[in-house]
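Next come the structures, one after another.
Same chain, two partners: chain A is paired with chain B first, then with chain C.
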Partner chain A sequence: MVQKVYQVHEIQQALELLHQHTHQAKLLAGGTDLIIKMREGHVNPAVLIDISSMDKTRIIEVQGQEIHIGSTATFSEIQEHPLFQKDLGAIAAAARSVGSPQIRNRATIGGNICNASPAADLLPPLLAMEAMTVLRSKETSRLLPLSDFLVGKEKTALKSEEMLERVWFRKLEDRSGLGFSKLGIRNALAIARLSMAVYLKLDATGRCLEARVASGALGLTAQRENEVEAFLQQQVIDETIIDQAAQVLEKTTAQRLAGRSTLPFKRQAVQGVFRDALSQALKTSLRREQS
Partner chain B sequence: MKKKGKGIGCTFYGTGYGNGFPDVSRSIAQLERDGSVTVYVGATEVGQGAKTVLSQIAAEVMALPLSGIHFVCENTDETPDAGTAAASRQTYNTGNAIKRTAELLLKEMKVTAARHWGVSTPGRISMDSGKLVHPENAAATLSYREVAMIKGQELLRVEDSFTAMTTRLDDETGQGNPYWPYTFNVYGVEVEVDTDTGKVSVVKAVCAQDVGRAVNPKLIEGQMDGGFAMGLGYALMEDVNLQQGHMKHDRYSNYLIPTAMDLPDLEKIIVEAPESTAPFGAKGIGEPVMLGVAPAILNAIYDAVGVRMTEIPVTPDRLLVALKQHEGKEGI
Partner chain C sequence: MKTIQLTVNGKEMTLTVEADQRLLDVLRNNLKLTGTKEGCGEGECGACTVIMDGAIVNSCLVMAFQADGKSIQTIEALDSEDGSLHPIQQAFLEEGAVQCGFCTPGMVLSAKALLDKNPTPSKADIQEGISGNLCRCTGYHKIVEAVEKAADTMKEGGESHGTARRGTK
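This part shows the complex of A and B:
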């Protein structure tokens, strides 16, 4: 039973309450995951700290070479932000693929990250951009790569007195691009059966300097796919290489999902979703070379 | 790779409960003092447009504008039973009951007028723009309001019914008349199959629906759009996921139905071939408009990729696995 609900406007107030109540408290932002879990009895916090009116963590802004997104920024705000309309359109696309407009108006990036569903739509593009999480508590603040923050199915490295303040990642450099692809049963209001984000950085000759591939719903947590990344390194990305890379990913999938009923489907589908994300990333990288 | 294919699905559908089961609709019509008519009928409006279409049928018989008909339904205290809003039967069955009841009311009004005029032939009284016309003197007319005034305190109120003409099939000979009338329908669709992910998108669709007579074309188009969406969901998404008697997909977050984002514009063709036993020729189409969708989609998938799916819904996982098996057989 919820005993108390606090509405806070400043992060310090939220951190103070978290410090007092620690594991008995839950942060409430959009509520699109938490309220459902509470109704179904999966979580039973005694204290709710409503941070949906906390405007200072709602920022989406450029700081030098970095893009910072505050944890209470909503999917709608991310989807519509000018920063994500062109070369980083994959981030807007991932945000747009979540739920319905009503859900996107409420749900926040912080909730998507901290809920840590294996199918969370923003996680693959953020992982591919090597996003850093900024974690605050009353006393301290620490920085953790998103890939270390996600530790398992709906499990994170967040401590009970901490909150996620924001995430940040570096802007796209020249000759680099990001792609996102999601496979759902329908075209809206669908949870990802599979999703993938690909970041590419090419050299002047079109060779791949760096590839970062992140998957969703292909294991217990959204994650980087190191084997296919290593394979793409130093390659000129053409049809043959794409085919071979897809096979590497199939092998990874077969090992990871061995014995699961979804394997026969996912080992095939992962290749299609990967190709789609990769071709978008490639297109953006080449365009950013010309401009 | 994306592959396109086309398919059609044709169906015929028997209206009503059928097989000799008592399929009865009853209704009451009452002439009000202001000359308007109230229809009491236990037909249920479930969004299909029963109130509109059944009011139109009464208005047509009474030669009144729609605003001259008061329609009372879904109230068991006031209305006689007209059966369920099921089996696509309300337009046909209850439409017939209302038509007969309205015709009976009109007949009684003519009897009243004949008595007032002192003529012995009420059947020869004609109707002109909402008025009863004297059989020998066209200048002498009575409005419905005047007919009601002649009746005084007593309201003119009649009840009638309609029973569908079906018989049970003979177990020995297989002879009989299990349904009447039948409705015919064809869907044509074009799909795009993503052979990398198994995802099927319906990119184009057309529906030709026999309606007997289109009492309300807009409502028919609405039913076609709705039936198409339901049929598409049935073919591609909707799965209760029954496991040992338990429905695993027991909520709309996992029991998926299509959204507007999954539906192409449906081209709608209304085919009018009046049915002689139907009210003004009109038949119901509630169920028929969804029946041909799944067969058409499955045929189109076969046309696109050569895989004959025999289980629905054709979700990406099922189709992709079948596709890879098929490619394996062909040695690709």
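This part shows the complex of A and C:
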């Protein structure tokens, strides 16, 4: 039963309260997951700290070669931000693919990351961009790759006195691109049945220097797909290679989801979602070569 | 218990709310603004939609204490002193966009938030704008047509309706 509630406007206030109450406290931002879980009795914090009015962690900005997104930035803000309208449109597409306008106006990137749902929609593009998380506590601050932050289904490396302040990733370089694709059931509120993000970096001859492929809802947590990444390395990405890469991913899926009822569906679906994300990434990479 | 200050339909007020009350509970139970409906209680149906600081939210997914310092508009904000309807409400009636009416307050507020931001929406914009509001009766076509009609009316001078801009941030 919630006994004490706080609405904070500065991160220091939030960190001080977390320091005092540690595991008894829950940070509340958009509330689109937490309020449901509390009402269902799955989560029973004694203390709620509302950070949804904390403006300084709402930033979306370029710092040198990096793009920083504050943890209380909402999906709507990400979807509409000028930084994500062109080459990084995959980030906006991932944000737009979530829930309804009402949900996107409240739900935050920090909530999406810290709830660590296997189907969290922003995680695949952030993983493909090798995002770093900035974790703050009253006393310390640490930097952790997002891939290390996500440790399992709804499990993260966040300590009870810590909060996620922001994530950042490097801007796209020349001849690189990012794609995102998702398969959901109903558009407005679909939880990803399957989602995928692909980052590509090509050399001057069109050969793949680096491929980073990340999946959502294809295991216990959103994750990088190392086998298909290795396969794409040094390849000139044409139809044949795309077919073969899709088969590599199908094999990975079959192994990972062996015995699961969703396997017959997902082993097919994963190929289409992957092709879609890959072709977007390829298109952006080639466009950024010309510009 | 927590004391919060907020603006509801243009009126500033100070309220004492329970720690576990949602904005929806406060609107309906404390303020008797029962135009805001509770449907699913988990952010799927949009019947509890209100406009908070200019953006639509599900009031079942906002804790009351989170509304401290915010400006809220409910469907009652569209009431006018002379009893005339807001152009969106009028269009809903004329186009047959209301059947059982349970989704209507939320639907109208989603349409209002959309038209406040984009007075000339495409059909796709309207469909997206109301995509967080479920209607089990109409099949949505009539609702989309009503919003199109309201947009036309408001462009032609319907904005002068006294409450069209009231409380919009």
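We take it that the second predicted complex is superposed on the first by the 291 of 291 C-alpha atoms of A that agree within 3 Å, B and C clash if a C-alpha of one lies under 4 Å from a C-alpha of the other, contacts with A are read in each partner's own complex, and residues count from 1 in each chain.
Rule of thumb we're sticking to: a residue touches a chain if its C-beta (ideal position, glycine included) is under 8 Å from a C-beta of that chain, and two chains touch if they have at least 3 such contacts.
Predicted model, so just to flag it, every value in this text is computed and none were measured.
Which of chain B and chain C touches more residues of chain A is settled by the count: it is C.
Once the two complexes are laid over each other on the shared chain, residue contacts for A:275 go to chain B alone; chain C is not touched. Contacts of A:101 after superposition: chain C is touched, whereas chain B is not reached. In the overlay built on the shared chain, the residue A:7 is in contact with chain C alone; chain B does not reach it.
In the superposition on chain A, no contact is made by A:144 with either chain B or chain C.
After overlaying the two complexes on the shared chain, residue contacts for A:83 are found with neither chain B nor chain C. Once the two complexes are laid over each other on the shared chain, residue contacts for A:241 go to neither chain B nor chain C. Contacts of A:254 after superposition: neither chain B nor chain C is touched.
In the superposition on chain A, A:35 contacts chain C only, with no contact to chain B.
Under the contact criterion defined above, the residues of chain A that touch both chain B in one complex and chain C in the other are 187-189. Contact residues on chain A toward chain C in their complex (touch as defined above): 1-5, 7, 28, 30-32, 35-36, 38-39, 48, 50, 52-53, 76, 99-103, 105-106, 187-189. On the side of chain C, the complex with chain A involves touching residues 2, 19-20, 22, 41-44, 46, 49, 55-58, 60-63, 65-66, 68-69, 110, 113, 128-129, 131-133. By the touch criterion stated above, chain B contacts chain A in their complex at residues 194-199, 236-237, 253, 256, 258-262, 315-317, 320-321, 323-324. The residues of chain A lying in touch with chain B in their complex are 183, 185-191, 193-194, 262, 264-265, 268-269, 271-273, 275-276.
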